[in-house]
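Attaching a single structure in structure tokens format; questions to follow.
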């Protein structure tokens, strides 16, 4: 019941060295391995709003165990009257946060004309849910060559998602990270924002050797649900999480974008701990905890048992 | 149960001269009024594949009563291996078809860098379903100023659609035509491609004074269903239809894009006749049939009765 | 793109006398033909609340041109604290309304133990959306033998709907009327209650010879939208409509069930007129208007043209 | 963003002794506590097909660590031509399996007339997804008094689900177990059968003190996906799982119902181990592993930390 697709550059069949089910072709970004043995927690503010806010959250994320920093500077906003992001100035702030914390940067690009600018700052270029089928943009990030985090469109099928990645791959860029963030269903609105589709994560991990991560924040839409969705994703063995963080005590109503769904650093630390314990469970009781980012993921070239016994 | 929105440039409240329910602020494009008393049938090939194919279909559409010509030259294709369109050469062919038939051209733009090129040929610039939240693109077509046909994203809410139009309006361009083309639901795949959301058409016509048209072809996904969905849309009093046409006897499997859903010119003629009879019904028994495109739609500034009695 | 199914008792292939596309095997109920040349408008209160309310609405529906009377006496209510219907007393009231107006009765049964009771009053037994896969109930109404109006489950596929009807047919009851009432989608809540799936109506009319009607009231959820959805359904050539009516000037907030979606009798009369004009259009210019209910629908054994020319 | 509801018998506000978030009012069934500290894995064949098949699977489930036995004897089948279950004979077989293995029985009832019969065998009466809004059935199981496993309708909102439970509670039966089994979305069919809605599980556990379990088998639709969905559910702290099991080496195409989604006993054992390790994680490093079913769940009257540190 996994969909049959013609062989693509992004399907497992084109990567014989990753033929084993669930084995992952890692993506290296800013010295961090996504798709290695340890899930990578990517955290940060929804939006870069100021130097102080960003540096403060970045430090807290670093302390909580996050290994990459996220933050939007060009924002896809439903309304043209909502804050559209700080643009280049925001990128400078992210660069400063990276310099201070050592965390590589993930940030979104919306416009094919800005791939070069955003790419010159970012360690991973994010293509957002609303841009998943923005084919000129996909082509540009494919050409540019830096690692790409490709979110699923909230109304997109798995097949459409894979073909979107194929646009990137066809440009010569194989450094692709898939990110599930929930799909739109009749149930949304009452208790979540999108329905996290873990079956798609499972199918994707079968079909492609590329790392798959999950964004529980946008699926949840409110902070209270984020830890549960994060734990659920980790239990599938995903390669990372993309999480929005707010400062403790922040007035959520004044956060310029998605204030309801940011978690505080203590909750982030719990999620990082869960990620580590999940990874330990998968490595088995005798495996040493990876102490750095040098693992290349090939040790995962075996079907991990759900629970080592 | 019509959603309450803050006043926008695209909502009725900002257009006191179109305060009457369902009254329409017409859009003039290439000499044709969209939003006047006669629904405008826009027809043509899914994709411009060759000069011969396009001219032949254009002539047939003209003969069948279509009043604008559609045809894709930059195509948003799920797969990068599918035909991506003829590009500028296709625009030249469309221009030739317009010169011969007199039909104004509707064609899609995908890339903000190509708005000027596409706009220099098109009478109406189409922003497709996958681009509805491509904000840099919306901003560019807003600046460019030519009439815009804004398709609903297949996973987009009504509110998101209105705000997408607001991006165009904010650029100074009020020549906006909305186009419903179906939403993604659990039912799709077995007997259609998307579920045509006529309730959204109703709500939109209440909320905004701009013309609303319907694309039955993409909702249907197969030619057999197109006339029924077209008739259904017309019965709501929509301002037009966007329909894909194939040549009679064409081998649908060789059509380069969406060959299953194109109807033949005879079916198009039936739909045009239905459009005219629907318009006559709405004008009432004594109103003369509009014989040209000079109506400005203000005569529609009354709530039309469903059936004149 | 019409789903392939094994031959069923309810598919066209089992009814060679109705082999022609869209030809309809009529259902006779209380002297009225459903599936003949004239669409049958079935109207009445959502719920029988009192003798006075029901008789008053029944008279108004009769006057407006409705040909059958609907009204719930056993109600499927989401909450156990909502009014559950008048039960047997309500059936008595419906019988009195029938005696006075001559309109046959459509009313719902929820419980297999009550099929006989409800059936002893009803001319058509309704199986509601929430009961579409209540297999013991389907079996009982199949055995009982009176005409059945089978609503589509709001989460059901076309295939599930056909198989639900097959349960009825297998009991020996071929007097089946299908009723589309909208499906649950991400869009619901803001401007409608369910998304009316007209493509399913089209497919069903191809696949089965049984009459297909549409309930615009439950799809709409508010009165304002009902005429548009009714007109849309009629434009497909459906065999009838099921519509909820409130008394003019009624305080909608005091109506015990679905007060927002009932239309007033004047709007009903407009819809009846639309139904008649649609039927006339389909019969063609020379066909006499059917002046009674004696048509057996076989005259429809031809593919009607969308518009006679 | 948790929906506000009026106080119901099934909401936390009516159970002051379970006021603490996520504290659970346990349900005792056949000597097993659902809603205690250990998640209860309920496993067995989709359908009781024969004495041998059922006893064999029951033994294997027992051995794998399951604590209750599931198996259908009255089956809700889409098609009337599919195997409808062994009925009373199947109940006898289940009773024999219970006698041999000591596992309490969960089995479904479809018909209000059979609640007494099914209830006389079952330890837990299941109300299936298609029956969630079968109000006469809910009322009967409410009156009957035995524990009820109430599956969510695949098209039902959380609010509808809670009100369905309220029908049971209003009959005087507070022994309710909720079971999430996936909702119908546009994504289904390609890689799953329904989209497991873990956000609803989270919301439900907040809103109600009753145990919440998850059925990964019906959401998955194929065996390969079941362990991942089971692990995801467990990571939220659910009170149990409902899982379909096939005999090792069984010819899935000959299984009479849902043969594709049954897992083999070894996979079941892995899931049981995962359930135990998840429970241990939640109890914290110092808590003893519960060695029997006597825990009453009150020890869970605290917000468990995602990971003990």
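Chains here go by letter, A, B, C and D, matching the order in which they are written, and residues are numbered from 1 within each.
To be clear about the criterion, contacts are C-beta pairs under 8 Å (C-beta built on N, C-alpha and C of every residue); 3 or more make two chains touch, one makes a residue touch a chain.
Bear in mind that the values here come from a model prediction, so they are computed numbers and not experimental data.
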If a chain touches chain A and chain D alike, it appears here: B, C
Per Cα centroids, the chain farthest from chain A: C
Separation of mean Cα positions, chain C and chain B [Å, integer]: 33
Centroid spacing, where centroids are CA-atom means, of chain B and chain D in whole angstrom: 49
Chain centre separation (chain A, chain B; CA means) in Å: 37
For chain C, residues that touch 2 or more chains besides their own: 155, 159, 184-186
Complex contact set, residues of chain B against chain C: 1-3, 155, 157-159, 183, 185-187, 190-192, 195-203, 206, 219-222, 224-225, 227-229, 231-236, 260, 270-271, 273-274, 277, 281, 305-307, 309
Chain C residues touching chain D - in the complex, by the definition given at the top: 76-81, 110-113, 130-131, 133-136, 153-156, 159-160, 163, 166-167, 170, 184
Complex contacts: residues of chain A adjacent to chain C: 184-186, 188-189
